[in-house]
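We call the chains A, B, C, D and E, going by the order they appear; numbering starts again at 1 in every chain.
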């Protein structure tokens, strides 16, 4: 009895569904792109994805960028070529395996055209490979490891076609920090601390190298671990080594501990402290307060100007807080680059159907020059590096002025 | 000296009486109602209701946020309305309005507590401390109707409470079918992406828009179809499973074998087409499940069989991954022999065995928790060494090792996750075979004996040192397979992939699956690695749910999802030790009595 | 079995003994070589060594306070309460909100002693509450289960508390207000010590003394010891087992709460993950000292703190290993492994009472 | 020469002398009972012989080997097996598996043999199984048949004791050390076991040392009785001699027990 | 000695106990009158220990009532039951081995607050067991078996129980100690303590008890005076070792 009922229901359903499916077919478009095309029928969305770290200890890094992308979409009224823009957000967990699963989930939808991400370089290595093989493009706002694009003018180990970034190659920032320390501050003995993150380790490494090339001496290249709280021993070592400057391109809260505890170490008075963009945040300035006075930060040139102010206004309006990290503008630029490339390369049919040619899209991006973004003038090279190569160093003079005040207090500009 | 009381002349022989069944306790219902209220407040205050308010399960009708909120009184009411377990010698309880009343009490209390919460939250701004008690949340909770909306909130709680109570009145088959249908509807609603992919994979892509609305969530039609199908399944198919099993048990051995064979063939076929149908993303998840499964199988030998609590198991995984990386990658910093995966495999095994000995030897004399912390230490040491600047010339430090070639056999290259599924399954089968084979051998018995009582095992001629080292070595080698596959699959290795969390996850999954049992490890891995990956939408609440799940699991089903008999025994040892024997004595007496009447042989048969 | 241990080992575990002996020699050589070359290099001044030692002592004191919770629970229930790090964090977190409020009200720096006491009480109450609640919900029903079951529950509880706190109070790092009275250093017996470290060290020793007195001398302490030894018999004596166990968790929680405040004063910061690493370290300390042994936990904590602070520099940098601080935990865990190899029950671990027949 | 010879054996526990310069021997084929008050050091003696404890002084010579310094498993492989005062079975393993563990020391196959399922390994598994069943069969039908695959904890107290003896037999030992084999048994079971102990020697050729409190058992089976008190031997001889020794009566037996035995 | 001899000091009325779903005790009825020594006999796993645990509130009976001195005590927590006057000498003595002998005895008086009374009782116990006094500050784990037995009994007496339960006092003891133990039991009884002994060693137990119950698979199958039981045919076969 019940079995029969089940069968009846099933057959009925299948019939309904087949009928529904038979409605509507349209004429074909000849796709000659070597890696394929995406067809977006009228009314269907153009799909892009964000692959960012949105959970765990580095959640703010990814969340900030997702917001940047969302604002970029809002700025276009949520539409591109008359199609709604559909954004999927995936978590890259800031790890290789997280990047893999996230990327696989994204590419499993053949309609997705491009990815804004990842947050972390480690996640980018497998993710860029997966997206590259699937024919997508990926633009990251915060990957900085040289191996993703180029190292010393050569293709990096993890380079993949279709990978771009609006963030700086560490090579640039490390060199900027070293130049500033050696030439501007006149420091001859420096120390560096990283925290075992590929980003911080890479940056510290470049700093050490360039500083020594300039003729300085790295008296201690050391490291701490994420989660460490007691920095006094490592600071004692550095003081004993006689360093005049410490470069620690690490994150919160370890960075806070270094600054706060350095005041308690004998022999640490007069040693310059220098962080990087990982510490350029409101919570850091608030946390170190007066103790952080006189500290330097290297980082990409802070976006400024009326467009950026407008952007920040939208951000605050939409999310109820000030930008929480330093990469929202990079992500915003990345998204806009992608939209522009789609607009320029897509084939639009009369009925509104849009065809996006994947290789053509990539080629367009590789040849993109002088794109005006919030972070400056972006031009992509053959390795996918698109960032405006301007790095600035800022100094914390007035903690009460917060991150805004700090960003404006530029003491050095580096352009290779 | 006291006078001795008189004693009845004949020994009193009392026949068993039927004792009156206890009633559903309303007091307990009130308690559970309080708990439900607190849970509901918690779910709201930590932001879940709001975070999932946008995500629809049934498009335009029911959001995930509300589902979460109202599931609380529903489940609690159901539990509160359940009668206490029927003990031997007691009458079966009767169902009635009291069950529903208990459900209503739960609903009422939940509603009341939620209402108080809403009133307090709207009167006092607590946002500085509780960041998620926002105006938007209050709006959601009052259904956008201002304080008048509280009527809906309380009404909803009452309604779900009553439904929970009513569920208890339903006869067993109905009850199961209703719960099953409900669960499947929610699940299908949640797994939108995967189901859509499944449709595509089966060539039924046109079905998706009928089931799912473009804005997320099931369409009303989809909901109805899923609910009805699931209901029918539980109504008509599930009850038959028992019957099929019984029928199978009564088949002659030959028929059994052919049934088994055909089931195996079906399983193999299923596994073979599975990744093709499910597409790259689910395959990716399955690959990950497979890699964790390998580790689970290995750790199951160490913990489940040999009883050595290892919290640093990830070290062996790392050894496998890094050995593979160094030997196969052209980008390995110091040595790069650029071997193929298969040429590197023997070295991987060797390195893992060596690591097993290195970890195993110092801990030979340690037991239990000492072992746990020391192995944890080894796991951390391994990770930190891989990460260190000191060994960066060999392991690449934080930058890891890149460019690990993809796996290939001759001309076949396993590039995509769909391809990788097959070698991973292959390795899993090998590992499962190894653990099954060892379990039923001299060595497996020695492990189990050692787990039960190390001293006695030693006194029975088991060389504890040898057998412990063997457990560590086999466990290490199996984990290193996982590591090797991980490295070649991801194409790069970074020290961050080998954190303590991995060790803990693997330990947890074998225990949740059912310690000491190979199928249990499979189920545990699917549940704890597969499901969270599929439910990526839960984002940061995943680990919260994970924690709750672990606690509930251990409280209510400590033997795991698919337990081994031994583990069940151990968990219920006290009861069983005392009673199994009592029961047997009783059975024997009965059997003897019957034998005296000439019915049955005087030997107790196993039930 | 205590006497002539080396000889016995070499008889009983021939293979293992060889490895262990080799290990012993290698480790001794490494330590001596590293230490000698560091010391002879003259890189660090005597006052720097002394500072390092005091940093370690203060850090170790905090570990010791947390370790007490592990060790007491282990002593009475026989399993590792993984959630104890979160108990510690919870006190620190709720303490932050009170401290923040007091700071705004001007009391934090206006009347630091009273403010500290208030935050201390709140922090201890919170941690105690969380510890007791976890016991009630997650451990009490599992008392008769094999120990691995509550162990898993405690891992679950640990995740739950972390992410519940994250959900309720946000993911951001919260900075305790600065207490001016605790800034700077004072000189004690010619040694310059940070004020905050003085406070920590004094507080730790007072707390430990109180605890020792409680467990050894009071009626409840005796009841706890009896329950730790044999629950059923203790119940027969009229001891309320549940109460004794709750008491144990409560004391562990109180100690953790106090540790939380001290930790916050030294490091100023708290976020939902702050309990994890100190928890692991304190657990290590408890095992190092001999788990189940209260004095052992104190000793283990302090030893661990000092090893972490002095060890990397003393041993590793002398060996020419770059970035020795990165390997701080390697040194700490190696010390643990070595201690357990030579004293399998920890530094002060109880010799298992040999049963007489 | 005696099968087991203990000379000048001493053992301290934190200042407490459990065994005090004990001399003691067992001839091949003999059944020797060790009796003495609780805490006299009887079980400690067993623990020393089987290597669970290391003596502070003295020698233990078994079958020409000095056992001092050997591991318990090595000692078992040399031919000494034991049971425990509190029955210590592998309760969660089946009855058959319990006994099969006893054969561990007599077999060889390793991990690779097992994984590859070599013929040698399969033969060995069969051998283990047969030997185990044979050992169990010694106790009649109680432990074989449908019981083989039941977990050990379902067994009654008496059967647990029997299983423990079977497990010890399976190690292929020459010398069995039985620690209170009849404790917890009812009189009928005790009598039966007394008989079995005799048969163990007569049919299977085991040499047996047992610790026992039940004087009926001691009287029933012993060729020789050794009495310990405070780790020292206070009397030795056949049952009648010992039972009428004043020191033994005072320290251990009491008058009633002798009468009722 | 408490007043009316015709009202039982301890009474179990239709007690049923379950472990999980399994029915262990089935309608147990036991009455113990003031001043008596009553023994409960039975083989292993017949439910003897469960009976004791039920009396002490360590297991809740699923049905039935327990009265102590006329007051209903089933369902009360163990602490409360001990406070009302039941204490037990556990099987195998089970002292707190890491505590001193004195601390062990003090634990016995855990619920009492009358320091003088406690001191008095200590003296009484030293009188009863002079050996114990000599070992007062030793760790209990270092005592010999006989001494441990004395401390265990002394510890149970420290709470001045109305009924003293003894779980297998002869288990694992040397013959001379068994004898001594039973002598002590008689002695304590003569000082006025009601005693409920659970034993396997039926011979010994019946030789000192006034009355006895026989438990088999969770049921009372015999209840009679000790004398009658000693001569009961079934008893002689099953428990008294006459073959």
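The working rule: contacts are C-beta pairs under 8 Å (C-beta built on N, C-alpha and C of every residue); 3 or more make two chains touch, one makes a residue touch a chain.
What you see is a predicted model, and the numbers here were worked out from it, not measured in a lab.
S.K.: In how few steps can one go from chain A to chain E if every step must land on a touching chain?
M.R.: Graph distance in the chain contact network comes out at 2.
S.K.: Centre of all protein Cα atoms: which chain's centre is nearest to it?
M.R.: Taking the mean of all protein C-alpha atoms as reference, the closest chain is B.
S.K.: Farthest chain from chain E, going by mean C-alpha coordinates, please.
M.R.: Centre of mass proxy via C-alpha means gives A as farthest from chain E.
S.K.: With contacts counted as defined, which of the two, D-E or A-C, has more C-beta pairs across the interface?
M.R.: A-C
S.K.: So how far apart, in whole Å, are chain B and chain E when each is placed at the average of its C-alpha atoms?
M.R.: 46
S.K.: Approximately how many whole Å separate the CA-defined centres of chain C and chain D?
M.R.: 46
S.K.: Averaging only over C-alpha atoms, locate the centres of chain B and chain C and give their separation in whole Å.
M.R.: 32
S.K.: Measuring from the mean C-alpha position of chain A to the mean C-alpha position of chain B, what distance in angstrom results?
M.R.: 36
S.K.: Multi-chain contacts only, two chains or more: what residues does chain B have there?
M.R.: Residues 384, 387-389, 540, 570, 574, 581, 585.
S.K.: Can you tell me which residues of chain C touch two or more of the remaining chains?
M.R.: Only 13, 171, 322-323, 326, 329, 356 qualify.
S.K.: In chain D, which residues are in touch with two or more of the other chains?
M.R.: In chain D, 14, 16, 38-39, 71, 85, 156 touch at least two other chains.
S.K.: What does chain B use to touch chain C in their complex?
M.R.: Chain B residues touching chain C: 42, 45-48, 129-132, 303, 309, 361-366, 368-370, 372-374, 376-378, 380-381, 384-385, 387-390, 465, 500, 504, 507-508, 511-512, 515, 540-541, 543-544, 546-551, 553-555, 558, 570-571, 574.
S.K.: Sort out for me which residues of chain E touch chain D in the complex.
M.R.: 43-45, 142-146, 148, 171-180, 200, 203, 238-243
S.K.: In their shared complex, at which residues does chain B touch chain D?
M.R.: Listed in rising order, the residues are 433-434, 437-438, 441-443, 445-446, 448-449, 452-453, 455-464, 470, 473-474, 565-566, 569-570, 573, 576-577, 580-581, 584-585, 603, 605-606.
S.K.: Could you list, by residue number, the parts of chain B that touch chain E in their complex?
M.R.: Residues 1-5, 7-8, 11-14, 16-17, 19, 85-90, 572, 574-575, 578-579, 581-583, 585-586, 589.
S.K.: Tell me, which parts of chain B touch chain A in their complex?
M.R.: So the residues of chain B touching chain A come out as 193, 197, 204, 206-207, 210, 225, 228-229, 232, 235-236, 279-285, 288, 331, 384, 387-389, 397-400, 402-403, 415-417, 486, 489-497, 533, 536, 539-540, 542.
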